[in-house]
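A, B, C and D are the chain letters, set down in written order, and residue numbers restart from 1 in every chain.
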Amino acid sequence: MTETTSRTTALATQYIAVRQRSLDICAELHPEDFVPQPTPDVSPPKWHLAHSTWFFETFILQPHDESYVPYDAAFAYLFNSYYEAAGPRILRTQRGNMTRPTTAEVYAYRAHVDEAMQELFCRKADDEAFRDLVTLGLHHEQQHQELLITDILYILGHNPLFPAFAKTDFLGADAHLSTPLALALAPVVCWVDIPADIYEIGHKGSGFSFDNELGRHRVFLEAYAISQQVVTVAEYLEFMQCGGYETVDLWLSEGWAFAQTLDQQAPLHWHLRDGDWCQYTPAGLEPLRLDAPVTHVSYYEADAYARWISARLATEFEWEVAHDELDWGQVWEWTSSAYGPYPGFATAAGALGEYNGKWMVNQQVLRGASVATSPGHSRPTYRNFFHAEKRWQYTGIRLARTL
Amino acid sequence: MTETTSRTTALATQYIAVRQRSLDICAELHPEDFVPQPTPDVSPPKWHLAHSTWFFETFILQPHDESYVPYDAAFAYLFNSYYEAAGPRILRTQRGNMTRPTTAEVYAYRAHVDEAMQELFCRKADDEAFRDLVTLGLHHEQQHQELLITDILYILGHNPLFPAFAKTDFLGADAHLSTPLALALAPVVCWVDIPADIYEIGHKGSGFSFDNELGRHRVFLEAYAISQQVVTVAEYLEFMQCGGYETVDLWLSEGWAFAQTLDQQAPLHWHLRDGDWCQYTPAGLEPLRLDAPVTHVSYYEADAYARWISARLATEFEWEVAHDELDWGQVWEWTSSAYGPYPGFATAAGALGEYNGKWMVNQQVLRGASVATSPGHSRPTYRNFFHAEKRWQYTGIRLARTL
Amino acid sequence: MTETTSRTTALATQYIAVRQRSLDICAELHPEDFVPQPTPDVSPPKWHLAHSTWFFETFILQPHDESYVPYDAAFAYLFNSYYEAAGPRILRTQRGNMTRPTTAEVYAYRAHVDEAMQELFCRKADDEAFRDLVTLGLHHEQQHQELLITDILYILGHNPLFPAFAKTDFLGADAHLSTPLALALAPVVCWVDIPADIYEIGHKGSGFSFDNELGRHRVFLEAYAISQQVVTVAEYLEFMQCGGYETVDLWLSEGWAFAQTLDQQAPLHWHLRDGDWCQYTPAGLEPLRLDAPVTHVSYYEADAYARWISARLATEFEWEVAHDELDWGQVWEWTSSAYGPYPGFATAAGALGEYNGKWMVNQQVLRGASVATSPGHSRPTYRNFFHAEKRWQYTGIRLARTL
Amino acid sequence: MTETTSRTTALATQYIAVRQRSLDICAELHPEDFVPQPTPDVSPPKWHLAHSTWFFETFILQPHDESYVPYDAAFAYLFNSYYEAAGPRILRTQRGNMTRPTTAEVYAYRAHVDEAMQELFCRKADDEAFRDLVTLGLHHEQQHQELLITDILYILGHNPLFPAFAKTDFLGADAHLSTPLALALAPVVCWVDIPADIYEIGHKGSGFSFDNELGRHRVFLEAYAISQQVVTVAEYLEFMQCGGYETVDLWLSEGWAFAQTLDQQAPLHWHLRDGDWCQYTPAGLEPLRLDAPVTHVSYYEADAYARWISARLATEFEWEVAHDELDWGQVWEWTSSAYGPYPGFATAAGALGEYNGKWMVNQQVLRGASVATSPGHSRPTYRNFFHAEKRWQYTGIRLARTL
């Protein structure tokens, strides 16, 4: 077996594992749970399962396998997300009204595509471009796995019955931070100091990355400090108890307007039960875990918290330079950097060129990874991005200050 | 067996039949089809099945059966429709996001309530007030059966796959009107003349009616003519081909604005396929049946059609007086009467008083019945009502003119 | 001088008087006050002055005077209200952004048209059709005079400075009702009884009327009682103090939703000052006048008030039949009749056919006249109409009940 | 005369000149033109004149002059813009409905404040903090002078009569760029190359600056080229004629959605007349001036134009470093930099701390100055900022590329 064949075989194995994990995430769901779209940000689980399959069908099977017969021609219209170059698609806001194909048929669609893919792995053993596309498709599926988790969390977390869909609350096993919970009046921050210098930013080496991490380049950073830990639930509760949500000085103008629209001035998925805050988690509605990272906050809340404690959020460059000295991986961390292109950013040709570049305005970069991120999907140069008001991901807060 | 006991036994039998029919309507659905609410007017099938059950539980079992244990206390919040007196409820627009309880559990809920009801039939054999409430509950369920059909039609009719959910298109068996299809340039209307006189309006006798039909009273009608048949698809097509939708003079001001918002200027559920109009029906997407009544038009369209043919819509009184001479029962017929109280209208005490009275503004009365109306549910004094722009019911057009 | 010439001369004199009154209404305004449109219902005073002039120019001068030169060709676009047949027009909601032509220029436009009209009076002395059109134009201008007053009231009444624009509050001179103010706990209603019979409805005789009053016809009314007086401020205050706005049972479903959207649950133009209610009037912000009719209430509030006192609103027929025995003329009175065509209603040919007919859906008829109605503009068959939620007119409440 | 006294005298003289210029800008307006707010971004001219006066009254006269009597206590509510710390204020969207105080009274208010200020100049001759506040107030007024011009342009440019309000079109005198108009098929760009290096960014020295320019710091820039000229009307027309607005690949996702909402796909203030594009300018509707800079484009359009020509927009740092070699000053130039704080940014205490900092999310930085910028108000470190879709300022396009 040649080296390239061997690498293709390994990829075929990885393909099976990644594809299976999407189904594992949905193991506890009922057919009804796969349908709704309670807010435009959230897609139906059924849609994620079909869309990630459509991605392999459209960008790999159809261009690379002449004998491939699409499962159903109508699916291209139903399961394209936003690729203008890949043709028309149903309105994003209509995804939750499409009861057909049923979940069972989507599973059959997945099996149909997986079978064709496995056959193609045999025939394309030496084709590096094919391997690159498959790798992209698997990372794409992993991104949707994280969305699957957060979208299910949103769907079932807005049901008055608050059903569980996993054994643990996800934050459980690893939630115990290395420092004991500070019960002092003011949170104690453990700072890491970084000297002023020119640093290199962006992906290097031969591993996989998205196009928005490429264009490694130099930046100059003035000296700064960055907190080793992210903000905990206990610390955020103190911000709330000190009137953080009612103090206009702490907020960006848009953030203050946002805060006034909230049903309750607290992170998403928090609920008052008999006077105590609980949090809806994959394991159901649970008492707050005080030493866990605070999650499901918007950029506005992260920014206001930082101002309250006389700090600021880090830039994405400050985060990347310091990452080796940080405890990270449980929450996506809002940075003060707007999402934009690195110098020399270039989009791929064709539909895949729409993957990252066309979103580069009015969003904030988040760095790190979360408890919902798929294994092996995180790296220090990864640039996640969301609009400032979004809260349905596992988003948290890390502090910085200029020295 | 006493006479009252016998009447109760008959009612218990009717209860079983009516309740079963709701399930029959849903026989071809998949679990996913029970979930969505693609527009606020349309409720999820699952919700209809649960809400009509909640009605029996709330208004009969709980007040009349001390030993009754509610199936789930949370259901009162989930399945109340609009009864302010019966407590808080989820926002109407959120019904489509409630994946739990699952359809299976709603079926279990129905069985639980049906069992308790059957037991109550035995214990309340002589209780006339009980029988009246059950009768109201069954008529309520029949109203929701019609909505079940039209809501399923809407949900699956907005799916690009246009799946069928019944053997026939509903308009099929009885759609062949007694007069042959007129292919003349202008539709030929067969008029029934009614002389000026004082007439009595409203329900009389001992049979069931809703409160809005009561208060039988006299009205004076000037002489008028009313069409024996409702408008057919062929006739409506001619209106369209003559530019009906583009002629501003034919329309009420609100109607013209409404027409400009339509994706396509045609009845709801009509779709162009290769240049020909088709109609989505319970049997799937079908070629237009030219001799069938036109359905799924708004009041605005009905009013514009009538003006185009130099006629007008009938008042609800004109309809009721003439009904014996009309072919009716396939479509709900828009009347020019706004929905309001009859002289002496009185609301019932308690939550059931909210049944009809609080809707008496800004809606139009529809008379007749449709192919989706449950057997035995129609009568000449029945007053249906919808907002002028609604089209998701089987709504059609009958003409009148003043002599 | 022939009789027709004499009638034309009288009309020319009346023309001058009516036209002058529009200017008199605006006598206290500053140029800035003529501009804004704070809500789509309200038009800028400048627009009213120009639109009523455009009406004479478009429907009389241009078709009947070959030598007439329009003042400015662009004005047809700026000052058409809603006549589709008279060509395109600026969006209704943009009226308040048109600072040009200035008020001074609109006054010049009025003078230009008035001069041409006076010349035409001489040449058309014997032309009855001309006289009919002029009469329509004057009634049209009088309708806009009432809107001028209520729109100015709205514009200045939403300015925190609450400036006055007239010497009296309009309700002043005639506000003292014939019955002394009842300070009893429950309002005392003086009822007029009307027997069941066939009555004639609609305009008769040779005087002016709008097309919607024509088609005199018979109606049968069951016996009823109607209140001699309209509801006073004191009586309405009692409704408020008894929790009228907080009692859901009293309200139509739409009305309850409407009431929840109000900044303050009270009639429009009421303001709390140091714990006491005041009312903004043409004379500025004034203490409530307890014996004056309550004004600026919606249909929903009128309907809820009636239900609170175990009465109902009258139908427009009940009002017309009883009008000789009622004290009326200070407020437009909401009736329970939806606005629709009388049997045999026919629209005029051409643009003027759009005057009344195209509004006949989703509005309620109001009968009577108000303190803002122009002298000579009221009559017992007059049918005013507004949407149920509108409050910026002088709208009030009269009660009825079925005997 | 001491040096500080002399500086205060100079400032008093400058005060008179700057204040007068605001009035000069409005010299051709009629009273009606001062009133409307056709879109929330645009404030009534009357409001600008009053608000800039309120600024001096609130932040200088009231805290520094114990004897000062406010002109009218109600004005604080009417003319506060967004300073939460300075108390409540009318809704921004209601500014156009406030016809009182009249323009004449606003002029009187200005005179009242100016008189008190001149008196204070005498008494505060040695007070440096006072001078700093006055300087800030004058720069604030100059910012509103630019808005006065662009808001008048918007108000009168949306009037179908397109009235002129100035002698020239503002772009006139200086619009002839140094390079002859390229009529080649593809625009010819004259590039300035800048080497990679560490550069210093931000305000230095003793002159006035806003807080957002402070915190001078180092940045590293990779080598880049920047165009010496901004994009001309002729060049932008070519983008349009090549289908720029119809080519989805050229646009950010939000930009494409924005472009679909435009009434016409062209810069704001462009109008088709007999097939030719004209531009509304202060001198009225004029034929396009092909060699003038294109103005009134959004960030989305600037970004799409740059992508069309295989370039990109500059960052604000690239602009500042290169500014000495650029022709600038006619249009504000969209940069690819999101508006955020420099390292070490600190807000002032009190209400003035709200001046810049609270807007630092979801806006883009613009650099340069425009034909509407007040004399002496521009400098190379100035950071203007607007949301990406805004087009009512004189906004234009400069290109860059990474070397």
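Here is the rule we use: a contact is a pair of C-beta atoms (placed from the backbone, for glycine too) under 8 Å apart; a residue touches a chain by one contact, two chains touch by 3 or more.
Just so it is clear, the structure is predicted and the values come from calculations on it, not from any experiment.
Contact with both chain B and chain C is made by no chain of the assembly. Averaging C-alpha coordinates per chain places the centre of chain A 38 Å away from that of chain D. Annotation: 59 Å between the Cα-based centres of chain A and chain C.
Centroid to centroid, with C-alpha atoms defining each point, chain A and chain B lie 46 Å apart. With chains as nodes and touching pairs as edges, the resulting graph is a single ring in which every chain has exactly two contacts.
Contact residues on chain D toward chain A in their complex (touch as defined above): 82, 84-85, 196, 198, 217-220, 222, 224, 248-249, 251-256, 299-300, 303, 312, 336-338, 340-341, 343-344, 353, 358-362, 364, 388, 402.
Per the touch definition, chain D reaches chain C in the complex via residues 30-36, 38, 46, 74, 77-78, 90, 94, 96-104, 155-156, 158-161, 163.
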